[in-house]
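Residue numbering begins at 1 within each chain, and the chains themselves are lettered A, B, C, D and E in the order written.
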Amino acid sequence: MSAVAIADLSRDLARLEESVRARASELLESQQVRMVIGHKRAWNGPLAVAHFAVSPKEARKFAAGPHCTGGLAKYLLEEREKDGVVAVIARGCDALGVRRLLIDRRVDAEKVLVLGVPCAGCLDPAKLAEALGVTPAELVEVTLAAGALRVRLAGQEQAAAGPPLDKVLPPTCMACEVRMPVEVAEMLGGDLAALTALAGRPPAIDLETAEAEVTRLEELSADDRYAYWAGHFQRCLRCFACRNACPACNCRVCALDSYDPKWLGHPTEIPEQFMFHFIRAVDVAGRCVACGECERACPVGLPLMQLNRKFSKDIRTLFGVDRPHLPGEHEPLGKFEPDDPEEFM
Amino acid sequence: MPRIGVFVCWCGSNIAATVDIGQVTEAAAEMPHVVCVEDNKYTCSEPGQASIRQAIAQHGLDRVVVAACSPRMHENTFRKTISAAGLNPYLLEIANIREQCSWVHADRVAATAKAIDLVRMAVAKVAQHSALTSSTSPVTRRAMVIGGGIAGIQAALDIADAGHEVVVVERSPTLGGHMAQLDKTFPTLDCSACILTPKMVEVVQHPKITLYAYSEVEKVDGYVGSFKVTVRRKARSVDESKCTGCGACWEKCPVKVKSEFDLGLGTRKAIYVPFPQAVPAKATIDREHCIYYLRGRCRICERFCEAKAIVFDQQDEIINVEVGAIVVATGFQQFDQAAYGEYGYGEYPDVITGLEFERLVNASGPTEGKIKRPSDGKVPETVVFIKCVGSRDEHKGVPYCSRTCCMYTAKHAILTREKIHGSKVFIFYMDVRTPGKGYEEFYRRASEEDGARYLRGRVSRVYPKGGKMVVLGEDTLLGRKVIVEADLVVLASGMIAQPDAQEMARKLGVSYDQHGFLTEAHPKLRPVETNTAGIFLAGACQGPKDIPDTVAQACAAASKAAALLNREALEAEAMIACVDEARCSGCLWCEPVCPYKAISAKTISERVGRRTLTRSVAEVNPSLCHGCGACTVACRDSALNLLGFTNQQILAEVEAVCP
Amino acid sequence: MRVYSYYPGCSLEGTAKEYDYSLRALAPLLGMQLVEIHDWSCCGSSAAHATSHRLALALAARNLNLAADMPGGARDILVPCAMCYNRLKVTSAELAADSGLRSAVESDLGDKWRGAAITAKALPEVLLGDIGVDAVAQAVVQPLEGLRVASYYGCLLVRPPEYTGFDDPESPKSMDELVRATGATPVDWPHKVECCGGGLSITNRELVAGLVADILGAARDAGADVIVTACPMCQANLDTRQGLAGKTRGTDFGLPVLYITQLLGLACGLSAASLSFQSHLVSVAPLLEKVRQLGRARQAAGGEGC
Amino acid sequence: MSVAKTKPEADGANAAAEWQPKIVAFCCNWCSYAGADLAGTSRLQYPPTVRIVRVPCSGRVNPRFLIRALQRGADGVLVAGCHPGDCHYSTGNYFARRRFLLARRFIEYLGLEPDRLWVKWISGSEGNKFADVVREMSAAVAKLGPNRKVREAR
Amino acid sequence: MDATRITGASLGAARIPSGPLDKLAAAAARVAGDGALVFGPARDGSVWGWKLCEAADVPQSDLWERLVNTDVSPKELFMPRTEDIARWRDRLRNLSIAEPAAPPPVVVLGVRPCDAASFDLLDEVLIEGPFSDESYRRRRGATLLITWACGKTGPACACDAFGLAPAAAAGDLMVYPDGNELLLSALTPKGLEVLGDLTGGSTAGEALTGRVDAVAAALNAQKTAVGRRLALDDLTANAAGLTATLFSSDIWTELSPRCLSCGTCTYVCPTCYCFAINDEPRGGDGRRIRTWDSCQFKEFLSMAGGHNPRPSKVERVRQRFMHKLNYHPERYGKFLCVGCGRCIVSCPVGLHVAEVGEALSRAAAAAVSAAKGGE
């Protein structure tokens, strides 16, 4: 990416933000939609939070850019019982999340308007903090300006140049294949040359690289692998943030909450923690949209995407379905082939 | 709280010799909810059953565990027993301590321990049982036959003769199918049309049969006993009720079109009947070629139709038919010879298929029965037949044998030798397969009496040279290369599934194999049924078949359908899937895993707060569900459960394995 | 401009230099840019695949890996040689299908297999599928109308069909279409995919002479002025053994055997020198003369000169 | 029955010698359960390690049952169904195959021993095969030793 | 708010060098009682939590210079995520019930003042209130709490907004960083015992307690980043009588939509104490256990029959913050929040006590001025 393109990029992000606000205002003003879901700047810290605008005035708060982390699709689940159309400002992962809800028939297609936005990736505050040698909490403000990120830290008055955005993206964004969202009703910012050029580039890492950690774990001894997962699982608080953030976890009654049958016992000891994470991962297998929300939401840093990726890797190698979450592919567990492999049968 | 009685069987010494019955009864007495434990020498004997009935009354039992032989042996016996004592028959569980314990273990201690575990599992499961009942549904006493070839004709006649109404749907303008195109039939060499056309006429004259020709099945809803079929009656542009089939129209029609019936070797008109004996003998306008439809002028046929039957603006008509059973007899199509580039079919006019040969040799065919080669009309002196073209060839996607080609090639050889004096016939073959009454004799007649030269080997290439077709082949028995300069080359084409067979299968909800042939429910024991109750298979839609086999299968399918239609009502399974609507997310992930199309979406209303909302949930049709339970695993929310094998029951059993 | 990674293979540096030269000369005219794979090595055909399955796979895999690492990104490889094409296709397919084989080959290479995304393409495949017959026809400046051309595919270019798949293995048409694009007439003849005996050209000359004579005879019977091919082995064999073949049949076939690129080059106005006709054993001169005459005749008749 | 007999309390030589694995087998009613019955009627002997849970079809077996069995103290889980193509319900075993292909790889990934899960196609006529599978699986699971990784403490 | 929440009266003081703390840990363990377990901050994966320290791996004092606070609060040392209430065995119709053994004594080395204060809040509810939680009481009674005053505040810290301060005195023994040395100040007799054990009986005199006060005052003068922005005065000053107004405020419908209904805030929070009791039967046997629960879970108040008094996020989010910022203060005179900032850091959607507190405080001010205007 040349320097010129980056200068354009920061300008493009500003324009994108403006067009998001304008389009949202227009839709709300004309009452074509009841609500627009997007991001706005958070009360504190560098990131944005979800924002639910029901009036043109509130639409002025919308933000766009690499600080807009946090999935939006799942919120539609709570709007499903209300009348009227809800618009979502959707990055690629949000659009796939909406698609997941539509395929799972959890949301009416007529009641959703997906407004796609090109995405350059959403920063991972932990990575950024590590790159700067601080803790994530010390990040106060991050913008994408000419050249690279600009970061203001706690206790500083002025923002300073930070690392390039590419270096502080979470792995899901690195491997993202939908920086230009798919299956959207309309694109906002589709005319922004620098941004769309960046979003249109192939993923920074290919599938195999994205799965490098899975491969590494596969190569450990069984006991080391057990120690790895047991070590993580014992930390699990059972807060269910992973489930609640996940667009594929959209059941009316979650198996994890069910008393009858009681799939998951209440003890938080290791055997039940394995059951918890087994059920969660198996139930999203083949349905995961690779947004990484589960991992992002986890307050105790469980590497949950390594469970999801294991399934996507195996589904690819066993059943030849590369990207079950993308349009045009089949859902691998609602079907079979008579000549599926029989490794141990 | 459940009140469970446990009845441990000695089975004489069959169980008692290896399992310590006393220890088992002692242990059972400690199990949760068990209020009564008894043991019997032979629980299945009348005294044994009586003791169960007594105990139910005496202890107020509401659930029963019998620890004895396999449930596959006596589950029904004991269901009747407890039913006689007033319990729902499904409040029973069998602990299999004979086949799966006493008979397979010698160590008394270990076998006793295992028997106790098995009883504990049964007790834990039966505690979760609930009373089950099965539903019944009425039967619409009418059948539909899809396809009007010989299979469909035979099935329709048989069902109608059994006294039931039949609706026949045929997509071409006439009955007859492939059999109508054939000349003679093996091994008797009787004329195909002579034995077929009377049956075609019988169909339209039968008071119980309604024929919808030039019609297609659009959609199939419903289930066994109560199918709702949507049929599209395509517009013929001719009023069937008025057309007399006099032929004035097609005599005057100025447009000549290649005849599909003659496989392009002859012609027909734009208004036509496919062949003279077509049934129904009603004309059809081919709108793709009719000048009026193309250019808006002509209408000559209308002028000459005395019956005033021509209706140019006729529209397709959609009709709905309710039937209780469906016989699928949609037939086959010929293998596409273009897959064999080395034989040059389609490029060289004198390379033809077996079915084309049938038309050439047929007295009512384009050459009036004289074998003339298509390129120049010359009578061929040397004819080469190549067998297994589109059969037994994995590389072309057809690994199977088409079953008819050996015999019809022998027939072609005999006919060639009969009709062309002094002709030479060469037949390249891989094997000669003649499993049928009179078949081997027929083949021998071709090779020995009629002098057809059978050469064992494949042909590698066919190419033209100086007015001849050079056939390069091999005689593997002599280990020699063979070159034949032939006048005509006939490819014995295999049979493949209809191009839209999979679409038809999906409409019907039946399965199909990797070649597109519809699959029978069991290859040996249920050869004409499908996995969808009430849908039966006849003829080549299920796999390649000759006429005798097709007719036999059609009769079988008809008898199955008739047996079904003879019933007033159908009783459904009791152990079927059910939906907990409060839990169901309505995602319908269960739908694709159901082999019986038993699951569909339905809309329910519910009160939420002060509002009434509607949402969609899965619904199981009890008449279609067979109780396999695949849906329960696809259901992440556990909204689907399988009665008799609920999640709770299986979990309880698993829990009980390791106390 | 379509960019391809270019894998010439050893023949195109030796007996089939004219194939290489003519292809490189032709490529820009048809909108192709060829970027030669750096440090390419043997494809694993001939001795390798006859003696060691794994060695043959490893050799091909190495080249596919190199293609995957090309600066500017992984692209389809254009493989003019039918044998090389065959080896690379077979290797891609076998390594994709068998993870055990893949890890064996990886250990032989001491390197990960990265070639999964790379597609090797044969020349007719590229010209028809990517460039398009219309684009080829547009590049023709000197139509070869009146010339009768027998396309000879040989045994490897279109077989086995489960690996190659771009043309009918028994009755291929791709080169015929290219011939038609030049304005020449493709002849229908039976020997398009018959064996030329190339593998035994040195060890069993008599047998080969017979096979070559059959092929040449069939082409001549079909009225061909020239044979075109896309295989270095076929070209070399039909060219060098033509004399011997003629002797066994008591005739002089006099049928020049050109690479398809040479014929296309001729039609696209490339000079005879740049197409290296001088290295052929069967003289191409009469053919070139015929082309000139046809061109003059056409001009005289007021046909399109350019 | 004493609980201690089947419960691996210690690694002591005696306990180890006495310990036998416990295997929960989910057998489809139409093929594998019938196969197990045939093993019985044929009086084939196999180790008393297996406890059969009868299910209508291997497609009924939820992978969650596998973890539950291991939690509650099973040392191995066998899922047995009709051979591919022979399913009584035509397709259930194909779905089971997909599910358990993934499940086995997944438990292996979680660090459990994959050999604690076996999936076998056993027809109603394969009493011998049923007995063989139980023998082989008992030996294989015995070699792994007691399941400790996800077994709950009592 | 109560000034004693910040300045505790020192019963005695001592000075030890910075560096290894094994002697302090050992002394505390001895005072805590036989078999005492010492817990200290430890990194687990990418997260800081609490780990049992053997003598050899007691952290050094510089840890508290680097680490603002643990990501997971130390409350699980007193309220385990899973704890047995009883186990039962049903044999031959004889039911036997076993209650768990008494918990071992515990030393918590180096909790921050906010976390130490959280135990005082919990004690008021769980021990001093009308109902005494037996299990919690036993664990708290067997605990010795060593509190580490904050030399600097973190970006998410908000103790000063909630009436506390970076060196607010709480626990049994306070540790203040003082140059290259550590000042120890005993707040309870147990703390004094530790000092005695550590110094061989010589507790320091007036001079040292004076130094303690000076150092504490200096540390307490620090303002936190959040505290500078967040003034809850309107909430504290006008809280009484505003419950109904705040309950029906619009802020709940404005703030709650983004909530994921996960339990993160409640589970990282040192002052949230909701729990669930469940039976885990195994055949005839079983255990009755207590586990954490969260008022943010949809099912938290779900009743048999399907009724849910707090069916949507508006009610649940309101419940949590009203509890922290209004109901609890009304009853106990203190916020049920110590400003540790964990929810600020951990909430996946940035919905935390600072933002809500500010909004609520504004709502309170508006309500008050509206009432005044009405008069």
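In this section, a contact is a pair of C-beta atoms (placed from the backbone, for glycine too) under 8 Å apart; a residue touches a chain by one contact, two chains touch by 3 or more.
The structure presented is a predicted model; accordingly, all values stated were derived computationally and were not measured.
Fewest steps needed to get from chain C to chain E, stepping only to touching chains, is 2.
The chains that touch chain A as well as chain C are B.
With steps allowed only between chains in touch, the distance from chain B over to chain C comes to 1. Greatest Cα centroid separation from chain B: this falls to E. Of all chains shown, A has the CA centroid lying nearest to the centroid of every protein CA atom. With every chain reduced to the mean of its CA atoms, the largest distance from chain C is reached by E. Chain centres here are Cα means. That of chain D falls 48 Å from that of chain E.
A separation of 36 Å divides the Cα centre of chain B from that of chain D. Our note on geometry: chain B versus chain E, Cα centroid distance of 70 Å, whole angstroms.
Within chain B, contacts with two or more other chains are made by residues 582, 593, 634, 647, 651, 655, 659. Each of the following residues of chain A touches two or more other chains: 255, 263, 267, 269, 333, 338.
By the touch criterion stated above, chain C contacts chain B in their complex at residues 161-162, 168-172, 188-190, 194, 221. Every residue of chain A that touches chain B in the complex is listed here, in rising order: 81, 104-106, 250-255, 258, 260-263, 283, 333-335, 338.
Listing the residues of chain D that touch chain B in their complex gives 1, 3, 5-6, 20, 22, 24, 29, 33-34, 36-37, 39-41, 43-46, 48, 51-57, 59-63, 65, 68-69, 72-74, 88-92, 95, 99, 131. On the side of chain A, the complex with chain D involves touching residues 214, 217-218, 222-230, 255, 263, 267, 269-272, 274-275, 277-279, 281-282, 285, 307, 310-311, 314-315, 318-319, 332-333, 336-338, 340-345. Chain contact summary for the complex, chain D toward chain A: residues 63-64, 67-68, 70-71, 84-85, 91, 94-95, 97-99, 101-114, 118-121, 149-153.
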